[in-house]
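In what follows, structures are represented as structure tokens.
Heads up, the next two complexes both have chain A, just with different partners, chain B and then chain C.
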Partner chain A sequence: MTSAGGVLPGETPPRRRLRLGWFAFLAPLLFLLVVFFVIPLIDLLSVSFAPFTGGPRGEAGEFTLANYAKILGDPFYLQMMWNSVQLGVYSTVFALLIGYAVAFYLSRTSGWERTLISVACILPIFVNVIVGILGWYILLLPFGVFQQALTALGLIDGPLRWLRSFWALVAVLTWEHLPFAILILVSSLQHVPADKIAAARIAGASNFQILRTVLLPLTMPGIVASAILVFSLSVSSYLVPILIAGPRAQVIPLSIFSFASELLNWPMASALAFLLLIVVAVITYAFIALTNRLTRRGEWEMV
Partner chain B sequence: MLALRIFVYLVVALMAAPVLISLPVALTSAGIIRFPPEGLSLQWFLATFQDELLVQSILRSFVLALTAAIAAVAISLPCAFAIERGRLYGQTAMETLIIGPKMIPQIVLVLALLVYFEKLGLAETFLGLVVAHLIITIPFAFRTVLVSVTSLDKRLEWSSAILGAGPSRTFAEVIAPQLKTGMIAAFIFTFILSFNNVTMALFLSSIGERTLPVEMFQRMYVGGMTPAIPAISFMLALAGVVLFVALDRTVGVFKFLGGGK
Partner chain C sequence: MPSTKTAALRSPLTGLARPDTQARQAPGAGAPALNEPRSSAPEAAARPILRMHNVSKSFQALPVLKDLNLQIAEGEFLTLLGPSGCGKSTSLNIVAGLLAPDTGTVCLRGIIANDLPPQRRRLGMVFQSWALFPHMSVADNIAYGLRMAGTGDKTTLRRRVGEMLDLVRLPGTETKFPSQLSGGMQQRVALARALVTEPDLLLLDEPLSNLDAALRKEMQVELKRIHERLGVTTLLVTHSQEEALVMSDRIAVMRGGRIERIDTPMNVYADPRTSFVCTFVGDANVLTARVEALSAGEAKLAIGPLSLVAPAAPWWREGGEAVIALRPESLAIAAAGSQPGGADAAEAGRWSAKVTDRIFKGSSITYELSAGDAQIHLLALPQPDGRVFRRGEAAEIVVPKASVIALNAPEETEAGT
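Let's look at the complex of A and B:
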């Protein structure tokens, strides 16, 4: 903590000045984050405890738990929260299963094949999500591409009703967030030493045994990190539900948006936002605790 | 292995399909979005550039992303040095704070900024939008810059110092060249994230000053949807592929983005 080791030999001014120098390096970013990240969140928390009396911010200076009580006491909002959590869980499971297979394959290929697969699978990060949603819309629409293809194959008969469904939401959310899982999992799989796999193979392990006893435990931090990320992104997605499922989709982010922008009731919007935050945090924490216990390793690389 | 290969290519097809489908749909000569298209023409690609609202929103998004990316990288670089070399008190806390904006659901963050900006008078201003984009891109810019600061070869700096170069000369002639690729990667990544972000601008930009993704959202959700939207979608996807391949061939996408979002 006190050593100045690692600093250039050419510049070894007194330790104290050095510290201040480093803080000057940090200051702009810390200032920005405190003023435009920490304080807004605290402000939002205080708004969530204000009674709503017509003005968007609610009654300043007053404290009430009414907003939270209203949400927690209303089965409508609880169902909405449950819908959001389900969406998050399903898209996380699919993104991890698909992502792991793709990442495993990617870590064993090179050249043009690697480029082709990674371009296709990372593309959703490189275009805005509206592009993808529009594409899925055209594919899933009644009389759209999927329906025509399935009808031509003789698999279905009559219009396809996928567009407004729960599973369409899961599919598009998985599509949108798969790249993040793949990015983390590839770098995680690349750090598995090749000689460990070779050793397992020499010892006679089958592919499945290698996956279960070598790869999965060694890439657990990556799996946990990508699961947390995909879950958080999917639960809080606003655009996919509103465009794929429509404005009446019952998920929390839509309700937050409607309270904030249409009803101008910020106390309710912020209470919903903080409940969403708490639910995400609790599920994340439970997941980390569970995987810790399963693999008996104490440290995760929490990126 | 063959089964895995087939599965992977199926995934590739499904990942690419929604992006590729915009091409045939946009090539229509009719005014509606339908597959297969009725007749072939490039008119909707041309129409994109004659649509003043679209062109303005493209320019606005470009300026916004450029500003946010330059600022995010510039502000992250000294910070990455301080975190990597400084051995400061409260380092873990600072790192947590820096990656904070990406840990928190964006819908929560944008609501916080909306409420806060309204109080400060920054709501519906371009400056407010820049600040919001800066906040959400900093974790990624920082992470990417940190990768290259961590991989600096210290022996080169020692050699430079031994040979009599001062700190500023060492920085300019020894450190900066090593950081160049990492900085470019961080800039491109941050630019892409900012250019493609919809949620922030949807809440924070004023009705008359939409960014490109918000303009696309409005036309899809509210109305005014023509094949010009798939046309611009396809062009954006093409630009995305070009950027990706360029980034992958020069610095390696997985090396720099491996930290994830």
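Let's look at the complex of A and C:
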């Protein structure tokens, strides 16, 4: 059995024509991709193997693994990488948990309630990121209104140093990327036919069983997509760490920036950037492979 | 206490038929004879599996169900038949617990089930779209209900899935995914999934409407066979009169959120009582006549220039109106000027008419005729002498007395409006 693509064995689809047509459509996009993504990436890669000699681009033409050796041999950078990955993982987990709950609720409501919640969810996208982060900054300030109010209510024993903490970063990263997760998850939840849920319910499934056996598997593509998006955006976020935790925050994007623009050490910056890229790619791939295996994707099609 | 009863009913998953069903049938006798109605009225009153009492439901002030009353006896196959939008699916969803009625009660096995969630109603349901889980194999789809209930170990589940697949005649498809099956096969899997938990009541919401005509016929027979084999009480929703007539023990004809007529298929067909039921179940010429004279149980009717002498209905009054129906297959066509064949007492009338159209259907011919002010169609079997009438030809419509169906008994008229 081939993975039935909808074309019967006897039919020969007009593939060649189609491909040319598609190429015409894709050409501008491919051009942009090559010029602004592939070429810089190759450049990045080549610079990352150049020795640092004081000039920003290093010694052209020479090949060295010293930059990578320095990063991988130094617990400081490894810790930094670990910090970044943890930030990404936690904010992804929280964005997915909150996002799925909100999206589930949204997919089941209608009318003004739905409009209100949708707008509230998507608003952060329209607010300038810096403005939004500053809002959080004020919330988290040790002597800010928020902490004072909570202290007055006896809920916390303030003032507390929330601002530079790991969890403050996780919270702001989650907040910043939550709308994307919600948007993707709502659309994916809405595509689960209501009668499949009804069928599960009549067959005796509890709400939790329906979630586990029907909703999660059928919305897995949306979950994977939003997870990849939130994870890669969180790991590579520069503004959130620098504004919430300050320039000393031990995360890779800040380090890349300081190597590139303060120390003018492009080879080190490139090597760090490339390692981050690899880590993100590996984790993403592992995640996709795991979910594919769990839901046996590729074996079945929606009916 | 519904929960203890439910627990007691969740008997070990032996054999295909439920123990109580087997007990009702004579051992070894197999399915009860077709002509032996499972659903005599006293039984329906004694052991209703489902009872809906004055159920109403509105969607945004739009009334969809109006004081619906319905009872299904154990083992009965009841069909809700009605046109699109008359509230059939809504009724079914209320029975399933997917919708809550605005007013009225739903009783399952004599227990008020209004607040019982769907998963505790012991139902099986097949949806119009079949609603199979695309990410599960056929076996996992079928075993779903048992898994969710936590009943049975792996070998029991496998055995039950095998039994169900044998029942729906799809053995060996355990590892396939729904997308690899044809529509008819998916339909069978959906049926197996609904039946595996041995439900008290099987709900079918237009399960055959996504199939092509030939498959639909096949599945009608198949559903009927499975119903007879398991004796599972079944509530079918359809807008196809053929499905309803072929499969049901009783038919409930719905219109505008009410049940207009409920009886066995034969009774509904023979005595539809309202013109809506008459034209919805089967085909009919519905005519409005004037009662000219009443005498000795016979009435002389006039439909414009056409006259008719037919058995009088009790509610007909001299000078009043009478609505009658003539089934196309009960009328006959004869050559113009031909004489009644002796037994004219059985003839209610003989109208000269003109053939306006002729539709040849192989085993029969439908003639459209105009007689007086009326357009009448009738179904003629091929004549032994090979005589067919041509368009424009003059002919006579022979109306036997037994073919005159009196409609719109007063109380039905009120219910219909």
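Observations, loosely collected:
Rule of thumb we're sticking to: the second predicted complex is superposed on the first by the 268 of 303 C-alpha atoms of A that agree within 3 Å, B and C clash if a C-alpha of one lies under 4 Å from a C-alpha of the other, contacts with A are read in each partner's own complex, and residues count from 1 in each chain.
Here, contacts are C-beta pairs under 8 Å (C-beta built on N, C-alpha and C of every residue); 3 or more make two chains touch, one makes a residue touch a chain.
In this text, all values refer to a predicted model and were calculated from it rather than measured experimentally.
Contacts of A:127 after superposition: chain B is touched, whereas chain C is not reached. When the two complexes are overlaid, the chain among chain B and chain C that reaches more residues of chain A is B. Of the two partner chains, chain B is the only one that A:28 touches; chain C does not reach it. Judged by the touch definition given at the top, the superposed model places A:206 against chain C, while chain B stays out of reach. Within the superposed three-chain model, A:295 lies in touch with chain C and out of touch with chain B [touch as defined at top]. Looking at the shared chain after the overlay, A:104 reaches chain B, while chain C stays out of its contact range.
With both structures placed on the common chain, the touch criterion links A:193 to chain C but leaves chain B unconnected.
In the superposition on chain A, the residues of chain A contacting both chain B and chain C are 1, 4, 303.
For chain A in complex with chain C, the residues that touch the partner chain are 1, 4, 193, 195-196, 198-206, 209, 213-214, 217-218, 295-296, 299-303. On chain B, the positions that touch chain A within their shared complex are 4-5, 7-8, 11-22, 25, 33, 35, 75-76, 78-79, 81-83, 85-89, 94, 97-101, 103-109, 111-116, 118-119, 131-132, 134-135, 138, 142-143, 154, 157-158, 160-162, 165-167, 170, 192-193, 195-199, 202-203, 212-213, 216-217, 220-221, 229-230, 233, 236-237, 240-241, 243-245, 248, 253-255, 257-261. Every residue of chain A that touches chain B in the complex is listed here, in rising order: 1-11, 19, 22-23, 25-26, 28-30, 32-34, 36-41, 43-44, 47, 56-57, 98, 101-102, 104-105, 115-139, 144-145, 148, 175, 178, 180, 183-184, 186-187, 190, 225-226, 229, 232-233, 235-236, 238-239, 242-243, 253, 256-257, 260-261, 266, 269-270, 273-274, 276-277, 280, 303. Listing the residues of chain C that touch chain A in their complex gives 96-98, 117-121, 123-125, 127-136, 144-145, 148-149, 177-180, 186, 193-194, 197, 203.
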